[in-house]
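Here it is, the structure in full.
Read from first to last, the chains carry the letters A, B, C and D; within each, the first residue is number 1.
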Amino acid sequence: MVVDLAADDDLYKAIILEHYSRPPHKGPLPEHTHYDEGINPSCGDEIELFIKVDDDVVQEVNFDGVGCSICLASASMLTKLLRGKTVEEAKEFRQAFKDWITVREPEPSPVDLDELEALGGVRNYPVRIKCALLAWETFEGALRKQSVN
Amino acid sequence: MVVDLAADDDLYKAIILEHYSRPPHKGPLPEHTHYDEGINPSCGDEIELFIKVDDDVVQEVNFDGVGCSICLASASMLTKLLRGKTVEEAKEFRQAFKDWITVREPEPSPVDLDELEALGGVRNYPVRIKCALLAWETFEGALRKQSVN
Amino acid sequence: MTLSETRLIDKPTIKKDFPFLDGTIFLDSAATSQMPVPVCESMSEHYRLGASNVHRGVYDWSVRATDKFECTRRKVAAFIGAQDERECIFTGGTTDALNLLAQTWGETNITAHDTVVVTSMEHHSNLLPWTQLAERKGANLIWWEVTDEGELDLDQLPEILAAQPKLVALTWVSNVLGTINPVEKLIPQLKEHGATVVLDGAQAVPHMPCDVTKLGADFLAFSAHKMLGPTGIGVLWGRAELLEEMPPCRFGGSMILSVRRDRVRWAEIPHKFEGGTPNISGVHGLGAAIDYLNSIGMDKVRKHEVELVTYAMEQLGQLDGLKVFGPQDPARRSGVISFEFRGIHPHDLATIIGREGVCARAGHHCCQPLMKNLGRQGTTRASFYIYNTREDVDVLVGALKKAGEVFKDVIL
Amino acid sequence: MTLSETRLIDKPTIKKDFPFLDGTIFLDSAATSQMPVPVCESMSEHYRLGASNVHRGVYDWSVRATDKFECTRRKVAAFIGAQDERECIFTGGTTDALNLLAQTWGETNITAHDTVVVTSMEHHSNLLPWTQLAERKGANLIWWEVTDEGELDLDQLPEILAAQPKLVALTWVSNVLGTINPVEKLIPQLKEHGATVVLDGAQAVPHMPCDVTKLGADFLAFSAHKMLGPTGIGVLWGRAELLEEMPPCRFGGSMILSVRRDRVRWAEIPHKFEGGTPNISGVHGLGAAIDYLNSIGMDKVRKHEVELVTYAMEQLGQLDGLKVFGPQDPARRSGVISFEFRGIHPHDLATIIGREGVCARAGHHCCQPLMKNLGRQGTTRASFYIYNTREDVDVLVGALKKAGEVFKDVIL
């Protein structure tokens, strides 16, 4: 019944609450090559992103910080989904997710968004889109700050 | 006919236009004991008042400056009517005029306002009340600045 | 149960004047209040009868607008207990008022030798103008701390008095904790020690009787949009002696006596501080809002709030895992209730109760230093006003239960 | 005669949207314009649908208010030809915008080694912020003079360019003389010599097409209440590079990224400059006003004005003893006509024509240095907008004749 409730919820899908409860890649990553922090000024949520790029591939990503379920679940999904992608692929993936989540009636995304599809419900809650995007903007910021050469 | 027109006018009575055209006491008064200038900030009109008090009596008053017909006629009437009054009488007279002109439906004034009664029409033009009062406020300012002892 | 409430605020009138509240449980009046139809109409009237600028035109429309404008100034003065309407300056809001103050009074009075006190429960609007000023001037800055109960730490008062601060920036009512600071006790002591006291009245003036003369404060700021009026208009009240000495800081039309190339003379107060075309319809709206509040009576407004808060504290208290921040005694707090519920993030909580038709606020409420003290990023906040009822509280409680359901399996 | 006019601006629509103008000849739009019913309704809507603060709430009302707010920012950007909506900062009006600019850009950029240029036709709002700043900083101040024809003295341009001013404060259109300054020619030259150009657009943006990108200006300020919108709202537009470097100067809610006791980080532009609850309904009103003007088309607005001014200059020219200040060529002027009539004091003139139902303005129009140049205390000013017609001009002329009668025996 609990699972049903979550499944019925247009926003708080089970997979989101699962990532929120038990993020697989949370905590600082001492040997990162890229880092940035993101702030949502309206709620004060703060995300840190630790990225280890090697050989032009995102080897590891971890996040840390405090935030709402949407924000942290999205961050956790990021850490899972960007692992192993080349920097270029990661950037494209980020853009695809952003494009998909910020339009009212999205086309199917050109890339497979995987678990992120569960976040589609935020479209009904426009202010929460920022929450879903915070980690991804932070990712972009981290790469921009210290561009991969 | 011209005189009629002016007489019929609720604001621009003949006596007002007469004072405006030919003020009897205009121009600086070198041997004044009191002086002040008044400004109407909304139109830029400026009045100077020169007062000679002797033996506690207003011996002479002149005005100078630029302004509209109401402002200058009122100033000119002042220079005529305050002459010969004691300072105390002049102050009372000023107050009586102010009280009379600033209420919508005045009681007959306790003092004889003489020609000033012609200014009663400004009550229909509330912003112009300031014009009618400028010289009188300046008179008060001049006395205050350099109080008669 | 709702009987005494009905006696305080007439429900049919509220229903008629706030028709859009039907079906919405609006619990965010601390952010901005709703506007009753009569206030809205009074604002439109300015335009529908023919708009005009104020203080300058000789034609009838301008006279009408100017009369109403200055008449509202008198109304404001009476509403807050000011002795002289010239002490009331129209601004764009509380934030605008406090910044204006920092720019004129602050710039000319605070030096590197002075001490400035801010409390850690200040809204950013009564915090940053002063911390930035202190930094710019190299002045000494003291933070007046808040106790675990969410009240100003009175044990720190001797230290503060000993520092002889030039300025104390103090909120009358906290927009997060609901705490009503004991300003009538604090102000005389602070002033005895030479302080100028700036009261942030944004959350107080709309909710309780105000008498600045009795309080003895130096400055008070508040916003119309939190008291049934429109956005874009607020008031800075200050004691005439202080205002007269302050230089103007917004230069333009209407604030001058005369302008020559080599010499500018400023207008008298309050006009000296009101450069440019003011928010005329906003002022009209503020006037109408004051009329509306006066027609209820500020005593009743406050009583209604105490009743509601009492009921809300009781009901919320019965929810497992719910913690209300700030004073627990309803008599010591306003109609602002910040709470935490089972560790659910305020954003999530506000979203879920929002789906049940409850408008509440989540976040730091522009009080980040206070959040730091509370050890939180943010809180969920419900705030009441004249149109709220016990039923609203019941809906809130029901909505919170639903949120509990959604997050029941979440480990935090 | 009125045929071509009818083609430009649809009279029945005007009658419907400005019903209160019936019987009143409103010739004071340079002070403040009238508001059409649709704009008024758009403002009321914000309150009648349920008010909310912007940028902070998670509930629907807040989302709706925020969307409309930010959508208006895009509308404003498009209206003035800005490339980036983030370049448009909402302020309380033109005066507020220019003071904000002086307080941030001015404070940080002007030093004792710099030269500041103001023209002698500036409104006090684009004059005093800069003369006061120059005085405060000990900067060099140059007055750009006005010719007897009421145009900027271009012979002085070499001198001005040679001084390499850091700042030139320049009105696009004079609110007294109606002069349209040749900004598209002047700005490139001024900028080539290193100047930052601040355009006062208060009398231009409402009356003619505007493209700041093409103009190449650095800053532009204007007010909603002169373009069919409400009081209390205006815009400061600035180039993003400049805005990004400017420190904020109105501290409070919504303009921060994060606040810690030891460190404050500011929000991005434009929010950095918009501390506090903004004038939300005012912004909505500005948006609706822009919609209204766009539905006519700014080209048509300008053409209508040229037609009216042409007619007015002709008709006024036939009155004995009437002198129009400023350029005589209607193509070089806006719908603002200042005049003198037989030496009758402007206050008297405005009062008498006011009795005939004509609302015009008398005084120095917040341009005292210009008045000094003209050798007058003030002028009488008639100004036109979309709702004015040739018949209005006829009534004005008739009213002036009456004034002539009243003052016929007066010796001046």
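Please note the rule applied: a contact is a pair of C-beta atoms (placed from the backbone, for glycine too) under 8 Å apart; a residue touches a chain by one contact, two chains touch by 3 or more.
In this text, all values refer to a predicted model and were calculated from it rather than measured experimentally.
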Between chain B and chain C, which partner chains are common? D
Rounded to the nearest whole Å, what is the centre-to-centre distance of chain A and chain D, using the mean of the C-alpha atoms as each centre? 46
Approximately how many whole Å separate the CA-defined centres of chain A and chain B? 78
Could you put a whole-Å number on the gap between the CA centroids of chain C and chain D? 32
So the centre of each chain is just the mean of its C-alpha atoms; given that, what is the distance between chain A and chain C in Å? 38
Overlap residues in chain D, where contacts from two or more other chains coincide: 56-58, 62, 256, 258, 347, 351, 362-363, 368
Residues of chain A that touch two or more other chains: which are they? 42, 44, 46, 125, 128
For each chain, which other chains does it touch, given as pairs? A-C, A-D, B-C, B-D, C-D
Would you pull the chain C residues touching chain B in the complex into a rising list? 55-58, 62-63, 66-67, 256-258, 265, 267
In the complex of these two chains, what residues of chain B are touching chain C? 39, 41-42, 44, 46, 125-128
Per the touch rule, the chain C residues reaching chain D in their complex are 20-21, 24, 26, 28, 31-35, 37, 39-40, 43-44, 47-53, 56-62, 92-96, 98-99, 102-103, 123-125, 127-129, 131-132, 143, 223, 225, 230-233, 249-254, 256, 258-261, 264, 275-282, 347, 350-351, 354, 358-363, 366, 368-369, 372
Under the touch definition given earlier, write down the residues of chain C that touch chain A in their complex. 345-348, 351-352, 362-364, 368, 371, 377-378, 405-412
Under the stated contact criterion, what part of chain B meets chain D in this complex? 2, 5-6, 9, 11-12, 17, 20-22, 42-46, 66-71, 125, 128, 131
